[in-house]
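One chain, subunit A, appears in both complexes that follow, with subunit B as partner in the first and subunit C in the second.
Coming up: the complex of A and B.
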């Protein structure tokens, strides 16, 4: 017989560790055709970070994302970056890129100010133009200003910057300090169906509400959440490295290291809870690893709700779930099934 | 783990393939869908001098109802089985079983004949066919011979097929075309999973007595080959269809099986699954019989 249950998992997760140096550096140059080139040391791992980083540079320069050419992850040519780790890319690398773009933009403002007859602080960058705030009729194309910066003013529009999350050292007596820049929060709810004869757990649906600061690219946030949930489903029910008594892995291939396929995935509802963080680029924090944190707790709580058993050591394979159901039956034979 | 060079020869018919096998003997390996064979070729154990490609042999293809029964060519792919109106109408369980094999790419290339010849104990096409008393036809230098799958399967990756012989087609006997049958597989996940246990049950119903007629129960992944469970079949034959009867058949199936413990699951858990899958396939086949009545 199959039993349905629901469970909740909640989490918070730190973004931008400060216990060790955690810098990102970036260079942004604005080209005479109005495009920009962004140099960053970070690496794209499929999560779409280069799209988000290009968006940050574009937003700061008032140009379009497709105007930004991103050069990344070439240690000979690109500035140092601590890496695509610790869910830090949007926050730490993004901050460095925003600062670098701002410096390049300030050069454009210095160059454009006399051309438009205003002070640099009266200018803004929008719609591929450098324009007077509140008076957009008075404007110059970004490309024209960049060209003049290079060939007229002699101050090419280029900015470099680095960002290292501010550190507050731990007090050795109390352990107090500020180990991370900021935090994100999430809640996931899982609905499962448990077969009480085989122990099979099918995750039917997961609703995931994630705070990520500003969602710079909501579709990529959703993709990250879905990807994290697939890892969480694997952690909860399937994925396990097994070793023989010599310490050699028994299941080193994707044929026998079991992880979820698309058929194992539940329906997922993603709810992005935007929450402006003043320390992040345009208010953004991050969403990478946090997406996988709450899933297994939500699933295992849902299993408990369905059949009344706890499986304390993950993954909760069907064999382990069935063993727990049997143990519960033996302990309490009057209640054949729970709840 | 590197494939060695070999000569590739191609056969347009089963007879040509048999002639090529006679010519090259033990140096030859047969290539059909290649989903198992091309993986094997990367291991030192398999270094054929000649590969006989039979994938273009037209007489090894096709699904048809003949005077003898439902004939399925050895080269029919799992996807073709899933899409065949004849199979869909007569044996939905075969469609389901084919769907549980590998991934889309494997099913598009992998053949029914190849799945049977490779003869791994967990093969997903075996139990349903065995529960329908399916026979295979084998062609060799001395002509053709037919045998049931019980006779064909010998052990893990071992059949009665000789090195100069070729599996030609699979036949479900006429008397069993439309016989209610159900197949269930239990793996560690929904897609691309090896069966921990798979099972198929088939029987006709004597509606006057509401009794099992010619019951067949077949299990995979719990013995050196796909097996039948004659003890459970004998117990059920002629017996009234009741929950107690199916439960006893499931118990007898557990007794007959010899599952192993490995890193995927313990033998104890596999025994639990055998009981559940046997009972559920009997129940589902009964539901199907009622729907067809």
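Coming up: the complex of A and C.
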């Protein structure tokens, strides 16, 4: 017989570690045609970070994302970055890029101010223009200002910056300190169906609410959450590296290291909880790894809700779930299951 | 060496290869069609999926000799000078892929599905993609993209409610 159950998992996750140096550096230059070139050492692995980093530079310069040419991950040409690790790219690299773009923008403001007859602090960058705040009709195209910056004023519009999350040393006696710059939070709810004759768990649906600060690109945030949940489903129910007594992996291929297919994945609802973090670029924090954290707890709590058994070591394979159901039956023969 | 000849994306191709050579190896190393990926080489991952006479096949499990005289379609055969195939366009619009390694196989499997069933349900799509492992995406946006492409190919607009 199949039993349905629901379970909830909550988590927090740290963004921007501070106990060791964790810098990113970036360079942004504004070109005479109004485009910009961004140099960053970080690596795109499909999560969309170069899109998000281009969006950050574009937003700061008041241009469009497609105007930003991103050059990445070339140790001959790009500045140092600690890496595409620890869910740090949007936050740490993004902060470096926003600072670098701001420096380039300030040069544009210095150059445009006399051209428009105002002070630099009266200017803003918007809609591919440098314009007077409150008087958008008094404006110059970004490209024209960039051209004048290099060929008239002699101050090319370029900015370089680095960002290293502020460090607070850990007290060696108490372990107290500030090991991370900021934190993200999430709750996931899983609905499962458990077959009490086979122990098989089918995840039917997962609802995931994630705080990532400002979602700079909501479509990519959704993709990260959905992908993280697939890793969480694997962690909860399927994925396990098995070793023999010599330490050799005995399931080193995808025939017997089982990971979720399209048939194993539930319907997923993603709820992005927007929340401005004042220390992040345009309020953003991060989203990558946190997405996989709450899933297995939610699924295993749902299994408990469905059939009243706890499987304390992951993955909760059918064999383990069935063994737990049988043990419970033997201990309490009158109650077949929780429901 | 064995001589093999087949139609690949509409063109006659021939190669002379050792008899144990797989179709995937011929496609990648003799015809330089590197879109189909080598993930596992034992039929587990689906990254090498191509169409053989319209049927999705793991090219790593088929010998090149078995493809003799057949009609092969790889991911490189989908776009034409008018643009990308509706599936490719929908995958791009929805950011359905992340690292992209599984993508050529997934899109070929989806193409085979839509040729057979122009109006598939979500369960039909899950079924059709079940031989294509993806480590990155959780499949959600792929399923949405296949639905969008199906609507476009039926002459509806992509964003009509499912």
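The rule we apply is simple: the second predicted complex is superposed on the first by the 339 of 339 C-alpha atoms of A that agree within 3 Å, B and C clash if a C-alpha of one lies under 4 Å from a C-alpha of the other, contacts with A are read in each partner's own complex, and residues count from 1 in each chain.
Rule of thumb we're sticking to: a residue touches a chain if its C-beta (ideal position, glycine included) is under 8 Å from a C-beta of that chain, and two chains touch if they have at least 3 such contacts.
What you see is a predicted model, and the numbers here were worked out from it, not measured in a lab.
J.: Please work out whether A:229 is in contact with subunit B alone, subunit C alone, both, or neither, and reply first, second, both or neither.
T.: The answer is second: A:229 touches subunit C but not subunit B.
J.: Where does A:261 make contact in the superposed view: on subunit B (first), on subunit C (second), on both, or on neither?
T.: A:261 contacts both subunit B and subunit C.
J.: Looking at A:322, would you say it contacts subunit B, subunit C, both, or neither? Reply first, second, both or neither.
T.: Touch status of A:322: first partner only.
J.: Just checking: does A:220 make contact with subunit B only, subunit C only, both, or neither of them? Give me first, second, both or neither.
T.: So A:220 only meets subunit C here.
J.: Between subunit B (first) and subunit C (second), which, if any, makes contact with A:247: first, second, both or neither?
T.: The answer is neither, since A:247 touches no partner chain.
J.: Considering only the touch criterion stated at the top, classify A:175 as touching first (subunit B), second (subunit C), both, or neither.
T.: neither
J.: I'd like to know which partner A:198 touches here: subunit B for first, subunit C for second, both or neither.
T.: Touch partner of A:198: subunit B, not subunit C.
J.: Of the partners subunit B and subunit C, which touch A:312 in the superposed model: first, second, both, neither?
T.: neither
J.: Which subunit A residues are contacted by subunit C in one complex and by subunit B in the other?
T.: Correct list for subunit A: 255, 259-263.
J.: Which of the residues in subunit C end up touching subunit A in this complex?
T.: It is residues 40, 42, 44-45, 94-95, 97-100, 125-127, 129-143 of subunit C that touch subunit A.
J.: Which residues of subunit A touch subunit C in the complex?
T.: Result: residues 45-48, 219-220, 222-223, 226-231, 253-255, 259-263, 265, 268 of subunit A touch subunit C.
J.: Hey, which residues of subunit B end up touching subunit A in the complex?
T.: Listed in rising order, the residues of subunit B that touch subunit A are 186, 188-194, 263-266, 269, 272-273, 276.
J.: With touch defined as at the start, can you tell me which subunit A residues reach subunit B in the complex?
T.: It is residues 197-198, 200, 238, 242, 250-251, 255-256, 258-264, 317-319, 322-323 of subunit A that touch subunit B.
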